[in-house]
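The structure under discussion is supplied below as structure tokens; questions concerning it will follow.
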Amino acid sequence: MKENECILEMRNITKTFPGVKALDKVNFEVKKGEVHALVGENGAGKSTLMKVLSGIHSPSEGEIIYQGKKVEFAGPLDAKAKGVVLIHQELSLVDEMTVAENIFLGDLPRNKFGFIDWKGLNKRSKELLERLECEFEPTELVGRLSIARQQMVEIARGLTQDVNIVVFDEPTASLTQEEEKVLFENINRLREQGTAIVYISHRLNEIFQISDRITVLRDGEMTGLLNTAETNECELTSLMIGRDLEDHLDFEKRGRDEIGKEVLKVEGLSKDGLFNDISFSIHEGEVLGLSGLVGAGRSELAETIFGVRKADSGKIFLEGDEIKVGDANKSVDLGIGFVPENRKEQGLILGRSVLDNLSLAKIRNLNRYGFIKGREEKLIYQDYQDKLDIKTPSSKQQVKNLSGGNQQKVIMAKWLCINPKLLILDEPTVGIDVGTKAEIHKLIRKLAAAGIAVLVISSEMPEVMGVSDRILTMYHGEITGEFYAEEATEEKLIKGITGIEAGACKVG
Amino acid sequence: MKSKTGIMKVKDNFDIWDFVQKNSIWLIFVICIVFFSIMTPNFLRVRNITNIFLQSSFIGIMSIGMTYLMIDGNFDLSMGSIMALSAVLVIGFMDYGIPVAVLLSLLAGSAIGALNGLFVTKAGINAFIVTLGSMLGVRGLVYIYTGERALVSSELAFSEISAASVGPIPLPVLIFLIMLILGELVLRYTSHGRGCYAIGGNYEAAVNAGIKVDKHIIINFILAGFTAALAGILMASRMNAATPTLGMEDHMIVITAVVLGGTKLDGGFGNLIRTLGGVLVIGMIRNGMNLLNVHSYVNMLIMGLILISVVYMDQKFDPLEE
Amino acid sequence: MKKRFITVILCLTLVFVLVGCGSSGDEAAPDIDEVVIGITNNNVGIDSYQTTHYETFREEAEELGVETVRLDATGDPALQVNQIEDLIQQQVDVIVVWPVSGDAIVPAVRNANQQGIPVLIANSPIDESGFELVEGFAGPDNLTQGKYAAQMMKEALDGEGKVVELMGLPGYVTAHQRSDGFNEEVENYSGIEVIETQPADWDRSRAQEVMEDFLTKFPSGQIDGVYAADDNIAMGAINALEEAGRLDEVKITSATMFGDGYDAMKEGKIYGTIYQSPVEDARKTVQTAVRIATGEEVEFFNYFDTPKVTLDNIDEYERPIW
Amino acid sequence: MGSSVKTESNLKDSSSKKINFAEIIKRHGILFVFLLMIIGISLRTDSFLTQNNMLLVLRQVSVKGIIACGMTYMLIGGEFDLSVGSLVSLTAVLVIDFHDILGPFAAIIIAILAGISVGAFNGFLVGFLKLNSLIVTFGMLFVIQALTLLYTGGQYVSVSNQGATWFSIIGRGFIFGIPIPVIIFGIILIIFGVVLSKTVYGRYLYSVGGNPIASKFSGIPKTYITFSTFIITGLTAAIGGIILGSRLMSAQNYLGQGYEFDIITAVVLGGTSLFGGSGSIPKTLIGVLILGFLSNGFIMMGFPYYVQWVVQWAILIGAVWMDVASKRGKILA
């Protein structure tokens, strides 16, 4: 094989799920000995593309050419056997077992008596670890290793046989900088050995550090194929999150002078390793956008304000009164609503009905002596089903049977019906179809008009710019900029969220 | 079973708490020895030690099967009933000769185990429910088979199996220790053993790595049935008879012994050496309390309290938790 | 792994070092002040008869100035075997066994016999194969008690009627002997028929439930008598009969009197029962045991008197405290 | 993302007719078993399907039924309590023993307080210290049993002058021909059923069992909900103990031995999941009745109770299998 030959080509891959087009005619290719970065925000389709590659999903359209032949892998195990190894963000390791065992899990070498050949196992593992220049022993327990080292175990596992392509899915999400360095050295080593690397990440600095070429995905579409050397972070970010301003996002914004009275004030909020010294405030009828890439600490900050996480230091005031940090129950009483990022895990009781989920927060005020006022609950349900146009066959339908957009509306309704003073929305439109998305955007503005303070967290640039009166940018756990709608430009925001000239562009 | 990597801390140094937590059973073990040998002069006589081992060997044999099951994240409430079933069967089939009777009752025990395993893996029913059902059902079969009465063996030779000894070591103890060592070797050195740890430690990872999860779990249920049957046969030989009430509470004692030994209820962690510690501690408590002339409810009280404290320690000092 | 092995080895070494220090042999001729009686009871917690027996045993021994080691097998035949071994271990002068199962203890008793420790069987008999291994039996004659109950039933029903039987916990010797005695005797009476038998487990609430079911199954006029294995069961049956308003049409006999039953008999609710005193039982047992220990010859069967009690002679007896 | 979308695609498939059939079995399967069983038994014996016998069975199941209501809460909330059997013994012994000392009213209060305190202790260990409820309550089973034995010394305790107290009415009395235990059971069924389906507490319970994380993200105080289920179960065990004591007018340390397994079996038979988040009181009633009729029916047919165990085994496995199979849409896992 020649040096520049494409070892893998995915042509015109389209993958549709009921109601959602997850991938739309995506082309993706990897060459031998290159690190090809695959970037895009959450929900852009990176993981789906890789699942199509490994055979977990079969593509609705398109074909995969591997080593010059059309293939369709039966699954990750099959893919691995044929030289394509996926290393997931969530490590698939058994903490209680040794490094060597984890490397050869499912295929432990045996001697002629049927016993595990520990000597051989440790020797082969040692060789692999040496190839990756790892400094730990194959006999150590995986649970005792740092994350970076665990990741190396995952990589070593991929190298137990001939490997042509290694896919890293957000490998640095939980690594320290030191560990990151080790990882990159190893990636470089693999590259030198002629292995093709697919590197999935949304951390731009890494991508520039490690990759040769970059494929950008956005909303299931491929928006660019770039040579790393010929591009910069700003271009990349705008390919990732920049969209044409959709028509409906042309809302009337409040200016600097029109802000109402302060609803929420955060002072010096810090949590070790997540965010540091955060201070800001939100006002009545204001939509505050919080923009940052995944991993900047946005969700963690929101969770702390709502009270499902505890902070190390700092104070939170609601309408001037200090509230106890870390008591979500109290927060709901005080009128804070929170639409979390992960609908299914954090937002919904999937096995319960739409009605139950919708009224879950409201029922604390919707009862007499603990008995739920059934008729009023029904009225509220009908009211919000109507207002938000939630499509469900009946109020008794299990919420897991609804589409993503309707599920999100149920969560929105859950909080709207408590008449919140402050509503926090964490990625309110991820994985939701375009129509519903627009509805949600309109809703956000309507809420603000009704006097609610809204905090919108999003990594979609037009969304933030479209709905917010004011925007904060966040990078690495710190607030890097503040802009009013009239002065915010895509360029300024991108600078903020990518940490370029951090602090330099602070306004007001 | 989500991977816990996100909250994992780096642990390179020797951690005293961790050491204590992992070996808490040996700490309790030593405390028991010291306590009982101070309290009763007879406790540390060679014969009494042999005695403790002999008495513990039946529970011990069953705890081998239970440890395997618990390492892969399951457990079995029906072991006491299976033990009774094979005890009455081995006596009942004595007319066909000892080897046939032993073989048949081992087979019966393993078959019930296999049934449990199939219900858990293939039907996908929770192990608690499956074995709760067979605990009652198998006990019912035992009563029906015996007509409520004790069965007495006509073969004196049968009673010699458990009365025999190799050197100073009684045969049941020898069988227990050999099985323990074999069991530990299998756990450490075979793909079945390591598979159990993988399944209990991270089910998803085990499936992803192509481990045949169902097969391993069924094998362990069969093993649990087999060890219960073996204990039942030895017990029947020891008494040269079998009563239908045999082993009524044994599932509880076996689970207690294994949990005391530090095997995690969620699986993935534990070994037979520490299970041996749990078995011996329970044996010592039962024996020592007898020597101390203390009423049996004190046994229960102490066992209950130790169990709760072990769970507390497990939670408090879990090296893999936040 | 290595660390753990070392720990194990250290612990075991410790055990054996201590063993070396602890063991020493001594054997003395028994004098009444030095006599140690060991007893393993059936299941002390389960009914007040056994509890009273347990307490009286201690008191009587104290009175005679002998030491006791009192153990409780908690209804587990396997545990009882262990306890016999423990008692052999402690070199008591005589072992008293209240068998959970008359069959299952034979090998353990043989072991005691081989060690030269005399064994006295208390309360419920050992299997005949064990007769040659024990010094004797002290206690009530449960078979006869069952027969007495049948005789009283015949009296009560004037020789004709249908009877339901509520027996004790299946698997217990006492339960089966009382049942056997009753049924054997009833065979001699052509007019009396046992129409149904159900286990009531010595348990009042169980007895009550079973009796309730009988009462619906057999409408008024179809049950003439109830035979209860003891007064605890009889009380449960009376509760059910009273509730159904059918107490008048049914005669009740039981095989052992308890305090509640005494009151019930005075109220005319129980026709006949047997006065089996745990106090007397325990005293007789201790006395026989002491005689054995001091080398006296004893008779093989040392039954104590268990007379029939009906309303006619009830005033000759005090209300039982058990 | 991908995986979540995948479940949606499964659901798409699941709207086909085959699953609707499974849905019917899932909804009504256990009732089917129940009816089949009743028909089977009544074919064998005449006195089974009589009004008297029905009332009798209701009374016989009432104690376990009451505790099963508490256990239903426990399982819906995603936890276990194996110590209820021991707690029944303890509270029965307490209520009988204190009856003669302080009078029936005070005795009842003491028993209820004992039930609640033991429940609170369990709840503290599981709710606040986050210990595994299965092992903790398993350990507590031993501890309470030992304490009861310690308290009674193995003797049974009984009320000395049974004629002079109203206490026996609880277990033995009738109102309009209906036994009072059945009435208490009925009231508790209604209260528990209504609280579960109509109150905020019930909703919270389902949420905490169904998705603890989402519950936290909705501001529901999970720790306190878990804690409360243990107190409620302790309370029902105490009520059970009091009724049992009153029915027998005496008590003993082993009275409730083994209840925990019967009760969990009944609740699970009814279709309440062991993993929390689903179940209902009417379902539990059916489970309790199945066990009650089974036990009664087998005595009616003249079999000893252990024959029933074998049948119970088959019914338990069959019912749960049907349940899980219909939920996943195929027979085998």
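By written order: A, B, C and D. Residues from 1 in each chain.
In the analysis below, contacts are C-beta pairs under 8 Å (C-beta built on N, C-alpha and C of every residue); 3 or more make two chains touch, one makes a residue touch a chain.
All values derive from a computational prediction rather than experimental measurement.
In summary, the chains found to touch both subunit A and subunit C are B, D.
By count of C-beta pairs in contact, B-D exceeds the other of the chain pairs B-D and A-B. Put simply, the chain farthest from subunit D by mean CA position is A. Each chain gets a centre from the mean of its Cα atoms; for subunit B and subunit D, those two points are 29 Å apart.
Per-chain CA centroids place subunit A at a distance of 43 Å from subunit D. The mean-CA centres of subunit B and subunit C are about 31 angstrom from one another, to the nearest whole unit. Shown for subunit C are the residues in touch with two or more other chains, namely 44-45, 170, 199. Touching of two or more other chains is recorded for residues 149, 304, 306 of subunit D.
Residue positions of subunit B with contacts to 2 or more other chains are 143, 148, 188, 295, 297.
Chain pairs that touch one another, listed by label: A-B, A-D, B-C, B-D, C-D.
Only residues 119, 121-126, 128-130, 132-141, 143-144, 148, 252, 255-256, 259, 265, 295, 297-301, 303-308, 311-312, 315 of subunit B touch subunit D when the two sit together in their complex. Touching subunit C in their complex are the following residues of subunit B: 19, 22-23, 26, 29-30, 33, 37, 41-49, 51, 54-55, 58, 143, 148-152, 159, 163, 188, 235, 238-249, 271, 273-274, 276-277, 286-287, 290-291, 293, 295-297. By the touch rule above, subunit A contacts subunit D in their complex via residues 17-20, 22, 42-43, 47-48, 51, 56-57, 306-308, 328-333, 338, 340, 343-352, 356, 359-361, 363-364, 367, 370-372, 374, 400-401, 403-404, 414, 430-431.
Residues 76-77, 90-97, 101, 105-108, 110, 114-116, 118, 143-147, 150, 174 of subunit A touch subunit B in their complex.
Listed in rising order, the residues of subunit B touching subunit A in the complex are 2-6, 8, 10-12, 185, 188-191, 193-194, 197-198, 200-202, 204-206, 208-211, 268-269, 319-320.
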